[in-house]
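Letters A, B and C mark the chains in the order given here, with residues in each chain numbered from 1 onward.
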Amino acid sequence: MQFFNEIIGIISKYWQMLLKGLGYTMLIALVGTLVGLVIGLLTGVLRTIPKSKNTFLRILQKIMNFIIAVYVEIFRGTPMMVQAMVIFWGYALLAGGNTLPVIGAGLFIVSINTGAYMAEIVRGGIMSIDKGQFEGAHAIGMNHFQTMFYVVLPQAIRNILPSVANEFIINIKDTSVLNVIGVAELYYNAYMIQTMNYKIFQTYVIVSVMYFAMTFTVSRLLRLLEKAMNGKNSYVVLGSQSDPAAEIRVKEAE
Amino acid sequence: MKKLLTTIAIVLASLTLALNLASCEGRQKFDFTNVNSIADLNGAVIGAQTGTFHLDALKDQTKGVTVKEYGDFTQLLTALNSGVIDGYVAEEPTAYAVTAQDSNLTYLHLKNNDTGFTATASDTGIAVAFATGSEYVARVNEILAGISEETRTALMQQAVALSADPDTEAGSPVLVSSNEVLPEAATLKIAMECAYAPFNWSQTTAANGAVKISNSGNSFYANGYDVQIAKYIAAELGMNLEIYAEEWESLITGVQAGTYTGIIAGMSPTAEREEEVDFTECYYNSNLVIIYKK
Amino acid sequence: MADTVFEIRNLVKNFGSNEVLKGISATVKKGEVISVIGASGSGKSTFLRCLNLLEQPTSGSIEFEGNDILGKGFNVEAYRAKVGMVFQSFNLFNNMNVLKNCVLGQMKVLKRSKKEAEEVAMKYLSVVGMSAYVNARPAQLSGGQKQRVAIARALSMNPEVLLFDEPTSALDPEMVGEVLSVMRDLSKTGLTMITVTHEMQFAREVSSRVLFMDGGVIAEDALPEVIFTSPKEARTREFLTRVLEKRA
């Protein structure tokens, strides 16, 4: 019972800090995932541009693809904690002691790190779209960007939603590594609390429940979003053979 | 919802069980009753913090001791309480603070260069660090010279007393500067771990002259021996003080980058560190002792 | 010659070392309804796909209304808006309902207003008999219905030429009729049509001209009654005998 009393004691004393930490964790994970997705979509569109006939543009394209490939490999291939240290202290050393604002630095690091993963996820998502969808759009005169924006990406996003949800959940957990640069997210605050109360186990039990509550909620919410994106499973036929004003509701077989 | 609550209840219950099991006597405990010097530690499992002189001294100066490394003091304490180690190396002020908080703990009263570890002032003394070539070193040395040995001892005793219950107001500060600092004066940015009582710790209120930690999203305040020294130095320099919580490993980088003006973090002026930063004279000297369970 | 739509000269298309089109020359005049027939692998579909540049020809020239469509700086998108295409596999946009499928190109390529685009779309959806299904998504329609929507989508762009690439090959037999009947009606409107097809009955009755392709070249180019009753080439006769026997 003492264990539960200690848990309750920690919560009642430090609940504000815990909530604040949770807020920052959620903020960084959410913004990081969204910005990462935008980076992924952007690189996805750029990487699928058909080869230009113009030599200059073709060289430009090659350089761009190379830069994207390097970006993806470097940020996927090094731990986020290391990236955080390199970027934060690298900036401080170059900028004569000025530091990036920690929350801003955290948002930046998680965003570009997620972007590298998203670039590959989106590429896979675009490749999963039937070639006919591209041809259907090209055949009515739509250019690459219109085709991507109106036809391919909406379908690709629906297909990659489970992977995006996965990234989001990973981000909620991985923001904890930002404590090394002093971002006051949930793990950082938990660390500070346990330096004050010397109760490592109890403090981190509370925090693990908080992390789980976040990831579980997010995974359920995104499941709902997936369902919503699948669209209605029924449609209305306007007019019947005998009555032009009739509406017939047709339900898809499940 | 009900299902979720049940799940959480089950998880917590199994954790409690695991905790109880973990605290069972598993390992033969070392007996400290007849230990008078570090030569008597043969057979003990002793911990020390990674990257400290404590760890080097423990490895080099003892025989038959199993050495375990941990990243910070809370982990050492947890390791001790859970029975993973028999004791750990700490500075005497830390030992006061820890044993004052937990009556199950006590410590071996070792004396440096006598019954305890062989150590120079640069090993166990602690000094303020500034960037190499900094003009602050000379000015701070002057200020430190003005703090008597008695004041230092009194300040440490107060810090130890406060560390047991930092958020409750208790008495007046020992070390106060008479200098008035204008708000528009320059800023002295001091970095420390804020997790090394009684030298520096974190608390949730501004009680007992604690200073807000500038990089923690306004949630925490720092206090302790180092913080009081930092306040005094800043005031004497005619500067405003800002305290930053920073990882031990990043303290020196932060000063080299210019992010922080100086480090007041219970840091000893070792030869390796002297190559990276400049140190002032020591502002406290402490014995290395070993904290253990009664 | 104001009424020449396509002037194709010596068109060659290689896929790697595989020469699929070996020099095709043909002229298509405004209002012609042309059927392209031939065995699988004879290059019919590749020929059609070269016409709207879904495949880039290896050599040769294609002129559309006197303009070289393979030339530098030629506006491919604007050209494709004028040359509609109906695919074997429909290629409707899966993420949009029937109406949006027919409206998107009009708004984004032709820059029509939403209201105008919807009016045009409704007009052509009525023509193909799909106006009742504007709310349905492609996945909810049968193959025949999908193909009729695809035709309406192409017509909504008001193309000058409509290309059909085996429009009934992916359909269940009972749905072939509804699509062919729509195409039959279209052929009477004066629209220029080029259809790659295996439907010999359709080719014979509806076309004004039939191209028989074999081994990457146009082996015979004649009126349907000539091709189907007294072909000049032996291989045309062989092909037709084989195909019509299978049907019987």
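One rule holds in what follows: a residue touches a chain if its C-beta (ideal position, glycine included) is under 8 Å from a C-beta of that chain, and two chains touch if they have at least 3 such contacts.
Quick caveat: nothing in here was measured; it's all calculated off a predicted structure.
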{"item": "Category of the chain touch graph - line, ring, star, complete, other", "value": "line"}
{"item": "Nearest-to-centre chain - CA centroid comparison", "value": "A"}
{"item": "Most widely separated chain from chain A, with each centre as the mean of CA atoms", "value": "C"}
{"item": "Geometric centre distance via CA averages, chain B-chain A, whole Å", "value": "39"}
{"item": "Rounded Å distance, chain A centre to chain C centre (Cα mean)", "value": "43"}
{"item": "Between chain C and chain B, distance of the C-alpha-averaged centres to the nearest whole Å", "value": "81"}
{"item": "Per-residue overlap in chain A, given as positions that touch at least 2 other chains", "value": "none"}
{"item": "Parts of chain A lying in touch with chain C, wherever the complex brings them together", "value": "53, 130, 132-133, 135-143, 146, 150-151, 154-155, 158, 231, 235-239, 250, 252"}
{"item": "Of all residues in chain B, those that touch chain A in their complex", "value": "8, 11-12, 15-16, 19, 72-75, 77-78, 101-102, 166, 194-195, 201-204, 215-217, 219-220, 244-247, 250, 253-254, 256-259"}
{"item": "Chain B partner contacts - residues on chain A that touch it in the complex", "value": "3-4, 7, 13-14, 16-17, 20, 24, 85, 89, 92-93, 96-99, 102-103, 180, 182, 184, 188-189, 191-192, 194-196, 198, 200-201, 205, 209"}
{"item": "Residue ranges of chain C in contact with chain A within the complex", "value": "52, 54, 72, 77-81, 84-85, 87, 89-95, 97, 104-105, 108-110, 131-137, 139-140, 150, 153-154, 157"}
